[in-house]
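Both complexes below contain subunit A, partnered by subunit B and then by subunit C.
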Partner chain A sequence: MRIVKSRRIVLYIVLIAFAILMLLPLWSGIATAFKTSKEVILTTPITPPLHPTLTPLIESLDYIKKSLINSLVLVGSGVMVSCFFGSILAYVFSKRRFRGSITLFFLVVFCLYVPPQVQLIPLVRVTSRLGLHGNLGALVLLYMLFGTPMCTFIFKILYDEVPDSFIGAAKLDGAGTWTIYRQIILPLSVIPFIVAALLQVTIIWNDFIWGLILTSGEANLPVTVALANLKGSFVAKWNLQMAGALWVALPTLIIFIFLGKYVIRGYAGR
Partner chain B sequence: MENLRRIVSPFIAVLASGGLFYYLSETIMPWRIAFAAIMFLATYIIIDGFLRRG
Partner chain C sequence: MELNKNEKISVLLIVLPILAIIFFFFYYCAGWNFFISLTDWKGFIPTYNLVGFRNYSSLLHDSIFWTSLKNNLLLIVIFVPGVILIGLIFAILIDQRVKGEGIFRTIYLLPFALSFVVTATLWTWMYSPRVGTINVLLEKLRLSSLKSGWITEPNIVMYCIITALIWQFAGYSVIIFLGGIRSIPESHTEAAKVDGASSFTLYTRIIIPQLTGSFMTGFIIFMCFAIKAFDFIWVLNKGGPGYTSHILGIAMYKETFVLDKYAYGAVYSTIIFLLSIVIIIPLLYLIHRREKLK
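Entry: the complex of A and B
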């Protein structure tokens, strides 16, 4: 009994040590965000702010507010359209099988595993040809299309569990493919929509590389790229950067706190 | 509920697609129209489908 108790104490000590180690960067970010520029130089990053100030938070928000709206627009359009296309594709792959549909499904899923670095140059050329390069339109198109494979995958897992008898009964009542999708499949898809949407929100919000490559001009930047631009040219303003990072991290943090179980569901494929 | 669905889903869809169309002011017109149209379709069908649940 005593051995078990001492083991548990050691376990808790180790866990607390790891938790502190993990939370240290977050703490140093929060602490630095509330410090004055002078205090940032004079103290270590983990020292609590002696004279807390909101100036870095206000200044950084002023700099990234346009980019925050840009990212919100990108998230809204990307999530809505990719979930829509994904659910239609998944419905077809799951309930309207045809010759070669499994191969096609694997090809769609394969798109998930193509690294973005491989697609950089082709995509820049394609968006230039389409007249979209340099503005938000390029990113809107990209997120609408690139989110579709993951959404298809998530929706197909759920739609496979919908009994075929539902579809058969609807067919007997004279419903066509589109009616079945809208009146039977879609009303059953609220949970997978939440799961897919949350994953897409996280991916699009945190994406850096496409925003960096496909947009130009301060007015068109997504928030992650604007955050990277917060670093000064000659002097690094750490408090501004950390305050900006807090603003950028806030939406995903809120999502994980309140809807974390759905995100985990998505990663677990359930 | 049926009447609510008929009003709410097109209203939100128009709002979303109109917002996107307005915001993409630097994008060339054919693409703005295309994005707004796709957005309208996606939003309308998804919200309409969800409201049918009730």
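Entry: the complex of A and C
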């Protein structure tokens, strides 16, 4: 009995030690974000701020506030379209299969794994041809389309579990393809809509490379690019850098802490 | 279920336009990128000449390319197994009917919620040689001899990066393996317990062999990341000091968008694409077979 008990204690020590290790970079960022420049030098990076100040948070917010709004626009416009496209494609691939639909599905899944570098150079040309290069419109368009393969995949997993007999019964009643979609499939899609939407929000909010290449000028940057610029412009101002990082981290941290169980379903389903 | 002709038309009318536009951006652009790699296109000048594989042969004599490739291989050889191993170990530990399982899981997953730009900012602070968290902590623990320049040292910069990336992905790996362990039918483990198997043999003989799906998922996701990585290193130190932490993604960005050698950058992208195809072929094969069975 005693061996079992001491084993449990070791188990908890290991789990807690790992948790502390995982939180250390975050904590040292949070602690530093609330310190004055003087306190940053006088205290260790993990000491809690003795005289907490909001100045770094306010100053960094001032630097990135325009881009925070840009990122909100990107998230808002990108999520709904890719979820909707994904849901339609998944419905067809799962319940309205035709000759060649497996190959098409296959090509959609393949898109999930195509590295972004492959499209960067052509995208610069495409967006400048469309007159979108440099402004937010380029990103709005791309996030809508590039989220679709992942959404298709998430919806397909769920639709595969809906018995074919459901559809067969509706068909006997004379319902057409899109009536079945509206009346049977959509009402079953609440959870995958949440899962896919949260995943898209996280991915778009955190994305960096497209914003870096396809937008220019302070007014058009997404928030990650603005943070990278802040980091580059205030090299030794650690409290300002950490405060900026905190603003960018906040939305996705909140999603993972409070809605983590949905997000996990999206990632586990891949 | 077979579709009749009318149904088929109404399905194709909706699906094909969506697919066409998506495939344009993924496949047509990939082909276009390859085409650009065969030219001498400079980006800001609209005209270009076809030069065949000349860019590819100059790549072979480019030491930056070899350094980058070596660093990508380092990610594949150390980061991928490292994050898989840590995920497996902590998934098994969490599976021991731990109190507060959800709290541990959430904490482990938190770094994965963050953008690479955020984590790179946090780790610049961790690794900062003069006032950074790691060196200050080492000093407080009277381990000053272990202090180092970290990401400013060419010999260890890649290992610093790998450590930080394992930190960021560990929780995701735990989730993948925990999901795998939980989906093993209890009857399998119960039978082994009745036979008196110790918990060590239970895991090595019964549970881990049934986790091939999780290993596969983790392997593919982390491998793909190891090949296309860019954000974290770019924000952390721009691939420095010098070229020592360049990877293919960084070299591609610099050649194309810093030096304006678009055609040469497209060669890097093509290589990144080919490497990722090699990795996802087994995955696509599995999915294809599963779909055919339905």
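One rule holds in what follows: the second predicted complex is superposed on the first by the 265 of 270 C-alpha atoms of A that agree within 3 Å, B and C clash if a C-alpha of one lies under 4 Å from a C-alpha of the other, contacts with A are read in each partner's own complex, and residues count from 1 in each chain.
FYI, a residue touches a chain if its C-beta (ideal position, glycine included) is under 8 Å from a C-beta of that chain, and two chains touch if they have at least 3 such contacts.
Please read all numbers here as calculations on a predicted model, not as lab measurements.
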Q: Counting touched residues of subunit A, say whether subunit B or subunit C comes out ahead.
A: C
Q) Of the two partner chains, subunit B (first) and subunit C (second), which one does A:26 touch, if any: first, second, both, or neither? A) second
Q: Scan A:115 for contacts with subunit B and subunit C and give back first, second, both or neither.
A: second
(Q) With both complexes overlaid on chain A, does A:183 touch subunit B (first), subunit C (second), both or neither? (A) first
Q: Report for A:193: first if it touches subunit B alone, second if subunit C alone, otherwise both or neither.
A: first
**Q.** Contacts of A:49 with subunit B and subunit C, given as first, second, both or neither
**A.** neither
Q: Classify the contacts of A:131 with the two partner chains as first (subunit B alone), second (subunit C alone), both, or neither.
A: first
**Q.** Doubly contacted subunit A residues - partners subunit C and subunit B
**A.** 85
**Q.** subunit A residues within the subunit B interface of the complex
**A.** 69, 73, 76-77, 80-81, 83-85, 87, 130-132, 135-137, 140-141, 144, 182-183, 186-187, 189-190, 193, 219-220
Q. What part of subunit A is in contact with subunit C in the complex they form?
A. 11-12, 14-15, 18-19, 21-26, 28-29, 32, 40-41, 44-46, 85, 88-89, 92, 95-98, 102, 104-111, 113-124, 126, 142, 145-146, 148-149, 160, 164, 167-168, 176-178, 202, 205-209, 213, 224-225, 227-228, 231, 238, 241-242, 244-245, 248-249, 252-253, 255-257, 260, 264, 267-268, 270
Q: State the interface residues of subunit B toward subunit A in the complex, per the touch definition above.
A: 16, 19-20, 23-24, 26-28, 31-32, 35, 38-39, 41-43, 45-46, 48-50, 52-53
Q) Where on subunit C is subunit A touching in the complex? A) 1, 3, 7-8, 10-12, 14-15, 18-19, 21-23, 25-30, 32-33, 36, 43, 90, 93-94, 96, 98, 104-126, 128, 131-133, 136-137, 140, 167, 170-172, 175-176, 179, 217, 220-221, 224, 227-228, 230-231, 234-235, 248-249, 252-253, 256-257, 262, 265-266, 268-270, 272-273, 276, 279-280, 283-284, 287-288, 291-292, 294
